[in-house]
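There are two complexes below, and they share subunit A, which is joined by subunit B in the first and by subunit C in the second.
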Partner chain A sequence: MGRSLGWWRVALLALPLGVYGAFVVWPLLSSFAYSATNWNGFRLSFDLVGFDNFRALAKDPLFAGAMRNTLIWTVAAILVPNGLGFLLALGLERGVKGASFLKSVFYMPVCLSAVVVGQIWIWIYRPDWGALNGLLAAVGFPQGERAWLAEPGSALFAIIAAWSWQQAGLSMVIYLSGLTNVPHELLEAAALDGAGYWRRLRHVILPMLKPATIVVVALSVINSLKGFDIVYIMTGGGPFHASDTLAVLMYDESFKRYRMGYGAAISVVLFLITLAVITVYFRQLRKLEELTA
Partner chain B sequence: MHSARTLGASLAALTLGLIAPGVRSSALAADNEVTISHYFTGDLGRDAITKIFGTFEQGSGVKVVDTPTGHEDFKAAILVMAAGRNLPDVFSYWAGARTAFVVDSGALQPIDDLYQSAKLDAIIPASIVKGATLYGGKHYLVPFGYHYAGLFYNKKVLAKAGVTEPRTWADLLAACKKLKAAGVAPIALGSKNRWPAQFWFDYLLLRTAGPDYRAKLMAGQASYTDPQVQKAMKMWKELVDAGYFAKNPNADDWTDAADKVMKGEAGMTLMGTWITGYWDGLKQKPGEDYDFYEFPVIDAKVPKAAVGPVDGLVISANAKNPDGARKLLAFLVQDTASQAAWAKAQGALSPNIKVDPSGYSPVMRRALEVVSNAKAFAFNYDLATTPPAAEVGLSMFAEFMNDPSGYPALLKRTQEQVAAVIKK
Partner chain C sequence: MSAVAARMSPAGRTALLVVLGALAILFCIPTVGVVLSSLKSNAEIVAGRLWWVTQGFTLDNYIEVLGQRRIYVYLLNTLLVTAPASMASIALGTLAGYVFAKLPFRGSPVVFIAVVAGMFFPAQILLVPLFRLFLHLRLLNTLWPMIIVHTALGIPICTLLTRNFFAAVPDALREAAVLDGASELQVLWHVILPVSLPALAVLGTLQFTWIWNDFLWPLIFTQSDNKRTIMLGIVSMKGQYLVAWGVQGAMSLLATLPTLFVFLRFQRYFIHGMTMGAVKG
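Here is the complex of A and B:
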């Protein structure tokens, strides 16, 4: 029987492990290898250049810009969609009329692809007939109108706003499920002890939402580090690199400038940052499990 | 236990089964199939190219396996195939520095034999053979269509504003002034994807410093901080400062700019002849609704150059069916009916001199005339300099359009970045 179980395991794991190995592990290792070369993508051969690509990255203003933008995005990703999601969850939890309908409405953007979200917001941001400038003019603030995606000062933030609009629904759902786990007895007991809503929120609800917060923060950070598709659709990293993220720069260097080795070096940096974030995340999760166990 | 083993075996068989058909079909492919990847999609002639491939298949018995990819995505798609050692037999590519880059990388095979056997030199104009098909003395590319960039304008709008053909720089400034006074944005530009701005740089530099200097700059043998480049940028800045460009060029695509001209919100746009294909598709009448002017002469001593791209087809070094690929390439440029249909569908000029120009619209006939009379044909910027350098310059143009005031510093930075990536 033991042997037959072994067969089962091998048979069932072969396909997924094979796929994982071929499409995740192998490319990952290849990226590390290519980051030490000057391969241009077309040439069949290349030279080993050691850490030259990384040394060049350290002096590259485009890389510094992309790094700064990714950092801004990461901080915004922790605060904006999660803050919005949290407020939505709190509001909808308190028995608003039509709550389940509203939940679906707020969750809907999560189901859209980045291409659709990007295109919707491109229209909203259009300088000539976009909804945002229209709104600003309608409320008597036409001096606020601008070409949101075409100006270097606003492009990145305009993309982050669009992205947060999509992400907030996801945070909302996770917070909602977290809220259902807050025991009613605890809230009632606190209320009997004379705690008002704010004190209950501060001392009962928020501590109970710690697991949900760890999940949404980790998801937001990882999603923000991956930030590529919506940027690519909305600005392509432009205008003139003002909204480049590490992922977009990696793509541009590899596929537009034909510098595969250099692009691979950027991907290695991105991988290491993501790895660090995930390590912290798993550590927090483990701590939490130990606490609840 | 028995059944567990059977299941294991079936899963293994299934896995193999998923792979096997791919193996079989690629082994068969070599004989009577030619694989091709190209960027002729949607507005850029998808229907026409499919028909042309059909005609070729009927005549030759060779099947064309066709993978079209959108113009912007094609640049990445072809590189992914190259990186995976999986290039199709034939692919479309832009003649000039981009093709030179691929030739240098050893990813293409020379086709001198095809030029000889099909006598292609006799049907392709010598200037195109020399400028677009020869790399390191060998033929690598068959031209499939080419374009010319000019000042395309809305006839009614310009007539109403009293604008006549601007033959000099002063004329152009005067025309813009008149249009602006008439409440129309004189020049539309959609530089969101950066490249549409390049034609301004190209023509200003070509008309002031001349084709030879420009070729040096493109090859990395001159500097963006040279007085020649400064002068061109200063003239460009004059236009921007005077408010002659429509607002927010970096928010628009080239089609948005084309729409503005078509609707009469703007007077003209400096664009390639593919704009005629776009406008014709929107039921605009060539010669009645729209027409074009040549970019004006700035210095009469400088030989007049025409700017544009040449769409080419190349054969990859490891093509599985090199003979079939040669047959296809020869057909695509030789068959005058296909060439005429293609030129019409795409708003392109045919590189085959046997194609009867009477099939062209009056606007395209004039474009052909202008190109034929030009002293030089120059590739537009992103095809004239190496791809890594072009990326630097294209961003510079977009940054300049956003704020031209600090252009000398911008040129200095451009030079530093270009010097770091260009191969001398």
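Here is the complex of A and C:
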């Protein structure tokens, strides 16, 4: 019996673990190997260059810029869509009419592809007939008009705004599911004790939302490290690399400038950052489980 | 209705509804803009009347797009990638999820976490090695790399959700079936899966949406127009309709219809899957 159970485990796991191993784990590990080469993407041969790619990275202003932009993106991603999602969840939780319809409206952008979101927002930012400049003119502030995506000062923030529009709904539903875990008895007791909404929010609701907050913050960080499609579509990382993220730079080096080894080095950096983030994330989750257990 | 809401004054409730409603309208504006653009002539859009009363709607943009053979090639390619990759990833995830939920072994939590962690890493980490692999296999510029990679990348989320769902199915059901002489595969197929249809629906909607919307992998793996999927396709068609804004709007909308339909039809599953994947991750 025990033996046949072992056989079943092997048989059932062979295919999924085999596919996962061959097309996820193995490529992940070999990225480390490619980062020590100068492979150009079309020749089958290449030379080993040791840590040269990483040394070059350390001196590369484009890499520094992409790091800075990814960091800005991460901070903005933690604050903007999550803040918005949090407020929307609080509002919807208070039982207004049509809450489920409103919820769908706020969530809908999550199911749109980056290509379509990018296109929508490129139009909003257009200098000639774009809605944003039109709005600024309409409210009597035409000096604020600009070519949002074509100017280095605004391109990155314009993309982040578009991205926040898409992501807010995701944070909202996570916060909403967190709010359903707030015990009603606790809220009622607090209300009977004369605590107004703001005090209940601060002392009862917010502490109960800590797990949801850990989740949305971690997701924001992870998703900003993944930030590629929408940047690539809206600006391609430009103008003059002003909106390059690590993921975009990695693609450009590998598939536009055919420096696959160099691109692999960037991907190794990206991997190490992500690994650090998810390690912290899993630790926090475990700490929470210990607290609630 | 929550306990918090019960004590809210009618005036306060109206004010909240107004604020939320206004936000909802703001949220809709970008999408509405694309819908409007697809129904207006280019002359009107360029004249700045995209947001304003129109002289009349037109279906010309849709007729233009649907008259293009390319769009059907893109749609067919996308379907040929999305359907098999969604099904394969769910099937493989189900097998793994069953073992992790019902047949745990020493070290299985570690293997489980290693599998699930895969969904957190940026795809960039895999680009160079996978490109070289499929270059060697001479599969670049076919649909195969996309099918294979989406299957593999779907395994983490499918394993995670099926494991969590299967774990909630009472062990007694499995044990009874095993005593009756059922094999593990029969237990999975006849006992576990019939009560796990909601989990499969969640995964179906998630995988379909993600793979349909994907842009990165076709960008890496395809060169010729007749192998492109819809999202890459409409980006490349923009070149042809550089200033035909209405046509671009119609293309975006057509490309979005399938996922929009899935979202509206299976919204509960979709939202549930997104939160579960995020929270339990």
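As a working rule, the second predicted complex is superposed on the first by the 293 of 293 C-alpha atoms of A that agree within 3 Å, B and C clash if a C-alpha of one lies under 4 Å from a C-alpha of the other, contacts with A are read in each partner's own complex, and residues count from 1 in each chain.
The criterion applied here is as follows: a contact is a pair of C-beta atoms (placed from the backbone, for glycine too) under 8 Å apart; a residue touches a chain by one contact, two chains touch by 3 or more.
Since the structure is predicted, the reported quantities are computational estimates derived from the model, not experimental observations.
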Side-by-side fit of subunit B and subunit C on subunit A, or clash: clash
Most subunit A residues touched (candidates subunit B, subunit C): C
Which of subunit B and subunit C A:Leu149 touches, first, second, both or neither: first
Contacts of A:Leu79 with subunit B and subunit C, given as first, second, both or neither: neither
Touched partner set for A:Lys256, first subunit B, second subunit C, both or neither: first
Partner chain(s) touched by A:Leu206 [first = subunit B, second = subunit C, both, neither]: neither
Partner chain(s) touched by A:Leu12 [first = subunit B, second = subunit C, both, neither]: both
First, second, both or neither for A:Ile120, with subunit B first and subunit C second: second
First, second, both or neither for A:Gly41, with subunit B first and subunit C second: both
Touching both subunit B and subunit C, residues of subunit A: 5, 8, 12, 15, 41, 44, 128, 251, 254-255, 260
Residue ranges of subunit A in contact with subunit B within the complex: 1, 3-5, 7-8, 10-12, 14-15, 18, 40-44, 126-128, 147, 149-152, 236, 238-241, 251-252, 254-260
Residues on subunit A engaged by subunit C in the complex (per definition of touch): 5-6, 8-9, 12-13, 15-17, 19-20, 22-28, 30-31, 34, 39, 41, 44, 88, 91-98, 102, 104-116, 119-121, 123-124, 128-129, 131, 134, 165, 170, 173-174, 177, 179, 184, 187-188, 191, 197, 200, 211-212, 215-216, 219, 222, 225-226, 228-229, 232-233, 246-247, 250-251, 254-255, 260, 263-264, 266-268, 270-271, 274, 277-278, 282
Subunit A-touching residues of subunit C, taken from the complex the two chains share: 1-8, 13, 16-17, 19-21, 23-24, 27-31, 33-34, 37, 45-48, 50-51, 92-93, 95-96, 98-99, 103, 105, 111, 113-115, 117-118, 120-133, 136, 148-149, 151-153, 155-156, 159, 183-185, 188, 209, 212-216, 220, 231-232, 234-235, 245, 248, 252, 255-256, 259-260, 262-263, 267, 270-271, 274-275, 278-279, 281
Touching residues (chain side subunit B, partner subunit A) in the complex: 1, 4-5, 7-8, 11-12, 15, 75-76, 79-80, 82-83, 85, 101-102, 104-107, 192-194, 247-251, 387-388, 391, 395-396, 398-399, 402, 421
